[in-house]
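Each of the next two complexes has subunit A plus one more chain, namely subunit B in the first and subunit C in the second.
On to the complex of A and B.
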């Protein structure tokens, strides 16, 4: 490793615990959230330095970006009801317990035998037969596609549960104030750019880092920006939106069930078609993941409204 | 899977397809749920039949097979859990189907179908990471079900359950990561061959067990149980207490019996048994003091989770049969009691202990259900609860560890203490019989059928035992 590598890694390694400490001890919630977003971004860089580009992309898009936006949009609702922090003794107790577990885990991990690269070799041997040329996509959508099938169901169920508890007055097509000029021109750049990036990531997913989860979260980020700035109203559960919500899972269930009808195991793609089928699945998943993630957001934040509009809201 | 019909996969895909379709065509959710349920019941029955006649059935997802892919395997235990989910769950969901639409009933059905698919997937999974994913789907569907009526208290309880449950999941996931790093496989069978006694594997066992105990609500980690079970609608509490609460236990058993068989009966296992005993006493005492019917049942569930954990220190085939029988009979009895409480609450308007006054005369079906299911909870012969506790006590005495048997018997006596007041109240003379509101007839019938199932489990234990023996591990 060169000096530059050492410096870069050293800075990242020093920054991560510092920022994490800042998140925990921040004086106010909004500061903590800001630092949390930075933490996600720095850990994304750390993952990239570890050559885990797929993890880095997801961490940046979901762990930092979308989660941060979600926390910020929830902030006005939780801020006034925040309880005072618990006693010092209690916090010290919890901190000591967590520190103990962390140290124990660290020691155990360091003492692991360095023998195995897990199943990496086996994955590379079989990748030719799978529906993708990138090992991570092959694992996610072919070798362990059944896991991903259930995970997509998890996302959909989460969306249904969130919808069940969202206050109705925040849901149906509300719009905020008209967007300010600089914001509007920023969105004009952001939206088309993120659509292109998302498309690129899906396409790349078959042979390089990228894929449905990354592309979907970037598209979702675009949708969320439009929604939070009041440029577009919150999603209404029209047939089209519901179709987009279930598209990924529906395609996945169909791909799982079709081989059963022909006497094969579930998700056993017919091999010459595995590549195109996996790509079609990625496209469907991208759409669904994007729409599902957008439904987690409550729509434009509350603003004082003229009485005429307030009267007809339920 | 050469030759045989892949019923095992349909037990997961049929409810999943039904759920997906009913999100899309929300207006037709009820007929879709009926068809999907029928298809799932057929698949479950066929799978259980295959296991009963030919032993364990398996299927490799994507035809890859372990260690690269994920294996679904129905052994005796898996088949028994499939059957439990497939009998109790659809019966409970009948109350929503009986309500014929309405947005709440439709939301309930969609979430129940997702929960059912994930429960079946969990019972069939032979892969520790896949088990994590199925547990997550079970948890999220459960949270959705708890908040299904948009009640404020239920919202708080659901969020509390979600947060604690996620902590449990993370502990489990850390354990999975350690196991994978140490053995380069996630398949339970391969793990059983490759795990060696080293720090990484016992750390993994400790982390995974702690996480699952939190999710199962083992005393003293049961803080989320009472608020969730009492604020959710009774039909949801029936599913939570009867079925969903058993899911983490199923994973725990797979872990201890298949991956770490050497730890059964050891020191850590005795700690789990002691916590189970603590749960039996503490849960029963709180149930004795509770003033509301739902609270009695919630604490009774905490106590019954305790019985399940008596298997670990004993570790014998007999104890295993007993614990599995507790799981099955409590599923039916507890679900029946919650459905009966639904009838009482709807008729009287509240669920205080004295709400059952006069129920014997005015709602005889519900009263019979309360009586039969109560018998099973108390462990009176000839109910399923009796067989379960008898098997556990016998297993303890066979190993010469009489104290576990004493715990079982004391727990039975305590449960009589909290079930009897409910039944006695039903007989209490009423000076002026108050106007009862109309109660849902189908809830009465559901409650009664579940109670009959709980009773029948005491009459046909041998056939189910034969199924369990096929698991033939411990």
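On to the complex of A and C.
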């Protein structure tokens, strides 16, 4: 580690709490959202510096990109309903509660054994038995496949909940105003590039950082752009969309349950086929995650009708 | 070569500080969204520099993701920002 490395890490370490402070204390919602997106970018850089490339990928994809767009899309709905700041007693109460939780977490962290090998060695020793060559993918889809299975189910339930509470005004099926020329040509570049990059990331997932979540969120970003610009109407719950929503979970449940029929354990993929099976599962998950994430977004908002052109009027 | 790359990355990171000040002070949402674009572009550059080392080549994938998804935020901004803020 040279001086430059130290300074680089130092600047990142100083920026993170500073921006986080800005998010919490921002006077307006839009400022908080903007700083939150910046926080996502900086923490992705920090994860990259810590060699946690998988985390950096997810932070860049979900943390800053999609979450930022989601928060912005919620802004018009929340902004008008903001009330005056809550009373001092209430703020003090919430502050004390949060401080308590933080101190508790800190004490717990300090109590952990200073040097524990963790499970990293165990994973690397047994990676031959899993369906993937990359340790993170091996853990997510094989060794701890149970957790991922439940996560995918949670995502599906979240998508259903969003549909239940979405305001009818923002319901799907309407197109926004026609896309402007620069935006249209930009989309022409963005959409094919996103699809190629998403495919690349799923493939990478079997032996390097990448995988279904990252690829799914890139596809979702591309879908959200098309939906927000009004290029495509918001998703309707057609049979195809429903099938895509449940595809990932269905494939996962089938793969997890099939070994039971042959007297093996849940999620115990048959060894010679573990690799192809895990890859097929990743593909199915990518499709489902992308569609589920897109359903979180409302369609293009209502804009006033453009004034009729003079030539159209008699 | 490593030193040079890290030096340039540090320089880019420091260049973000004035941008951060603009995001902090605003005053309009448009100022802030431009800063976010700056962070996105700079982030891609920093990640590519960090990924210059052979063992960190996977960071280029992170740069790809950054580049693709930074655009979504702007599109969401154009669609959802209160119209009086868009000048």
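To be clear about the criterion, the second predicted complex is superposed on the first by the 280 of 314 C-alpha atoms of A that agree within 3 Å, B and C clash if a C-alpha of one lies under 4 Å from a C-alpha of the other, contacts with A are read in each partner's own complex, and residues count from 1 in each chain.
The rule we apply is simple: contacts are C-beta pairs under 8 Å (C-beta built on N, C-alpha and C of every residue); 3 or more make two chains touch, one makes a residue touch a chain.
For clarity, every value in this text was computed on a predicted model and none was experimentally measured.
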{"item": "Subunit A as common anchor, with subunit B and subunit C clashing or fitting", "value": "fit"}
{"item": "A:164 touches, of subunit B and subunit C: first, second, both or neither?", "value": "first"}
{"item": "Subunit A: partner with more touched residues, subunit B or subunit C", "value": "C"}
{"item": "Partner chain(s) touched by A:135 [first = subunit B, second = subunit C, both, neither]", "value": "neither"}
{"item": "First (subunit B), second (subunit C), both or neither touched by A:199", "value": "neither"}
{"item": "Partner chain(s) touched by A:275 [first = subunit B, second = subunit C, both, neither]", "value": "neither"}
{"item": "Subunit B versus subunit C as contact partner of A:210, first or second or both or neither", "value": "second"}
{"item": "First (subunit B), second (subunit C), both or neither touched by A:108", "value": "first"}
{"item": "First, second, both or neither for A:233, with subunit B first and subunit C second", "value": "neither"}
{"item": "Partner chain in contact with A:224 - subunit B first, subunit C second, else both or neither", "value": "second"}
{"item": "Subunit C versus subunit B - closest C-alpha approach in the superposed model, Å", "value": "23"}
{"item": "Shared subunit A contacts, counted only where both subunit B and subunit C touch the same residue", "value": "none"}
{"item": "In the complex, subunit C residues that touch subunit A", "value": "3, 6-7, 9-10, 13-14, 16, 20, 23-24, 26, 29, 32-33, 35-36, 39-40, 43, 46-47, 50, 56, 58-59, 61-62, 64-66, 68-73, 75-82, 85"}
{"item": "Residue numbers on subunit A that touch subunit C, as the complex places them", "value": "2, 4-5, 7-8, 11-12, 15, 18-19, 22, 30-31, 34-35, 37-38, 41-42, 44-45, 48-49, 51, 53, 56-57, 60-61, 64-66, 68-70, 72-73, 75-76, 79, 176, 183, 186, 190, 193-194, 197, 200-201, 204, 208-210, 214, 217-218, 221-222, 224-225, 228-229, 300-301"}
{"item": "Contact footprint of subunit A on subunit B as seen in their complex", "value": "1, 6, 9-10, 13, 16-17, 19-21, 23-24, 26, 59-64, 67-70, 107, 110-111, 114, 117-118, 121, 129-130, 133-134, 136-137, 140-141, 143-144, 147-148, 150, 155, 158, 174, 178, 180-185, 199-200, 203"}
{"item": "Subunit B partner contacts - residues on subunit A that touch it in the complex", "value": "104-105, 107-109, 111-113, 116-119, 122-123, 126, 142-147, 150-151, 153-154, 156-158, 160-161, 164-165, 239, 242-243, 245-246, 249-250, 253, 256-257, 260, 263-269"}
